[in-house]
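We just call them A, B and C in the order they show up, numbering each chain from 1.
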């Protein structure tokens, strides 16, 4: 099935309502820098959040959570054990889970862990262009959290990675790309301010887990998560005086965004990726 | 002694002044999600904050701190050791301490730890209804941080728990309850926005420790902490556009709240809980 | 060479532009309380931030980072190993690094670690008066993060410490002092609100590392970092309603501050510290 932008937009409107109605509980194992803003973004949107990141608790909790985020930003030894537990448990329970391979390819502890978790079959992988290239097994991964590579370079890797994992891959940047390896969707919303406060990308991974909890169409829920998130950011940017007031207004915007705002502002484009397998060479 | 609401309100006004005058140093061992907002809430109020949560430091520090918070939100192995050290040291030194049993009853590592710390005799236990029921030994504890049970269900457990520990138990919710097992006080201030940003409950535990440091009347200082905190939240909510601006305005409100604001806005009710022991069956 | 205040001010204006142009990547190993605001301060200023604080990654990363911050606020066992790795690697690679000896002298795990790191030759040591006195080997260090000692008491210790390490020492307070042991510079900007939100001092250490990355004149870059930071704070304070709105406006002010604002507001004073060695007795 190839979706139209209009279909994806209406799906996003419905998915936002469903997130608010059902308040999916998102289990987050994430880094110390963004853990607060990640929880607040989920709460502002109407979801629930729980940061359960110690061994022997992460496993049981992933089985009862509505969705799981595994973010490799500051992976302590306890978190690495908790991540493996949670992923195994989410897989058994059918809990959708998002892998955010922060700085994979650039740092030696998280890189093999990122490959291991990639091979465990994440429902969604979200990263910037450099990270997506690196987690696919190519590229040096840039300098940590920088996005040195652009979307054009990353797209074939994203599609190949999606075919390999059987899941969705999302590349964050000025234009966001979502692909299952066959179809691709571009979302052209957002604001540079999202890169001028920490957590702009990391919290999006948690929001993807919340949306994945409300519908099995993972391509569409991932598009919905990005659309809601970046349209809210764009609205907050229009009222901000700088990164501080943007961060505050962004939480307000996530709480107030509705279908009308999405319909007025969202810019979606679709294309069938017929040459997806070209990238696997 | 049974206090009147008027007595408790005037006590709260005086206690707030005393917190500002003496700037009690609150030792916090708390979770990664709320550690920043907890420190900021204490500082905004005029108290001091220090997050000393590693073994071999938490013990000595609890002995010189004015009050201690032990919050089980993200209990790493080092924090668990630090908590035990700090509680032993606070007990020896007579430092008042608050136990916040986040998600006790729902998760397997913290639940026995919560019971152990409960039995160490906390000055105050603060939680939502589900957590108070669970830490008393009944109930499954809800889904993590959710408050699935209501105050009516929790009240007899709260009173029984207070009689058991010899301390104060506070149940957070739309109406807050404070009890020593014999007397109970209800505070009907606050705003739903406190549940739409992370740390709304957790930071309150730290504020309770600050107030406990300025007077030995633990029931009254706990009521004072909740009254100051929820009246400030209510005032911030009146000026907020959403959860982001609420969180910012709440810190401003904690810094500016005074006796006049408390007298205008606080809603306190008292009752003698003559049937406290009924709940122990 | 003895600089004039005018020279240092124009240096600060140029250094700010250079930070924005080159976006130095600051490697931060810092405490859980301030990690978010530290990253956001760096990003607001135009620098890059990466919090790499686990063993086996901190070493390699310090070699490629533009600057390094080692802050002892909540030093877990993994962080302590990561700090040692990062400092060894920064030293080998010539990466400038800042030591922030939070509560050294007051707590038993971090105090010997602070001495060890001091002896590893930090490019810059930043602390409040009590911490600088303590890290120099004198004084009990106050009650954790409090600044019980004043600048007059700390100045001879600061100069002696700078001569001992061969680096720069900065004492934070109502007036900031920067010294290399021979020359001293005072910056009289800022606002008491910087002490009413957590991270006011800790994030400054990271900003010092960013400025140290753009020029080898360490005395001047440290003065520039403090001048930019405290002038931005002063401007934010003028618009704030309390600590919450100050913290938000401070990030906005860091993003918008420019040479004109620095020239209008900065208050610098210099003096040659001819009696620096007097303090080593």
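Just so it is clear, a residue touches a chain if its C-beta (ideal position, glycine included) is under 8 Å from a C-beta of that chain, and two chains touch if they have at least 3 such contacts.
Quick caveat: nothing in here was measured; it's all calculated off a predicted structure.
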item	value
Turning angle required so that subunit A lies on subunit C, C-alpha fit (0 to 180°, nearest 5)	120
Same-residue or different-residue interface between subunit B and subunit C, half as cut-off	different
Distance from the mean Cα position of subunit C to that of subunit B, given in whole angstrom	35
Per-residue multi-chain contacts in subunit A, two or more chains	32, 36, 76, 247-248
Touch list for subunit C against partner subunit B, complex	31-34, 36-37, 73-77, 103, 107-110, 143-146, 195-199, 241-245, 247-248
Residues of subunit A defined as touching subunit B within the complex	25, 32, 35-36, 39-40, 43-44, 48-57, 60-61, 64, 76, 78, 247-256
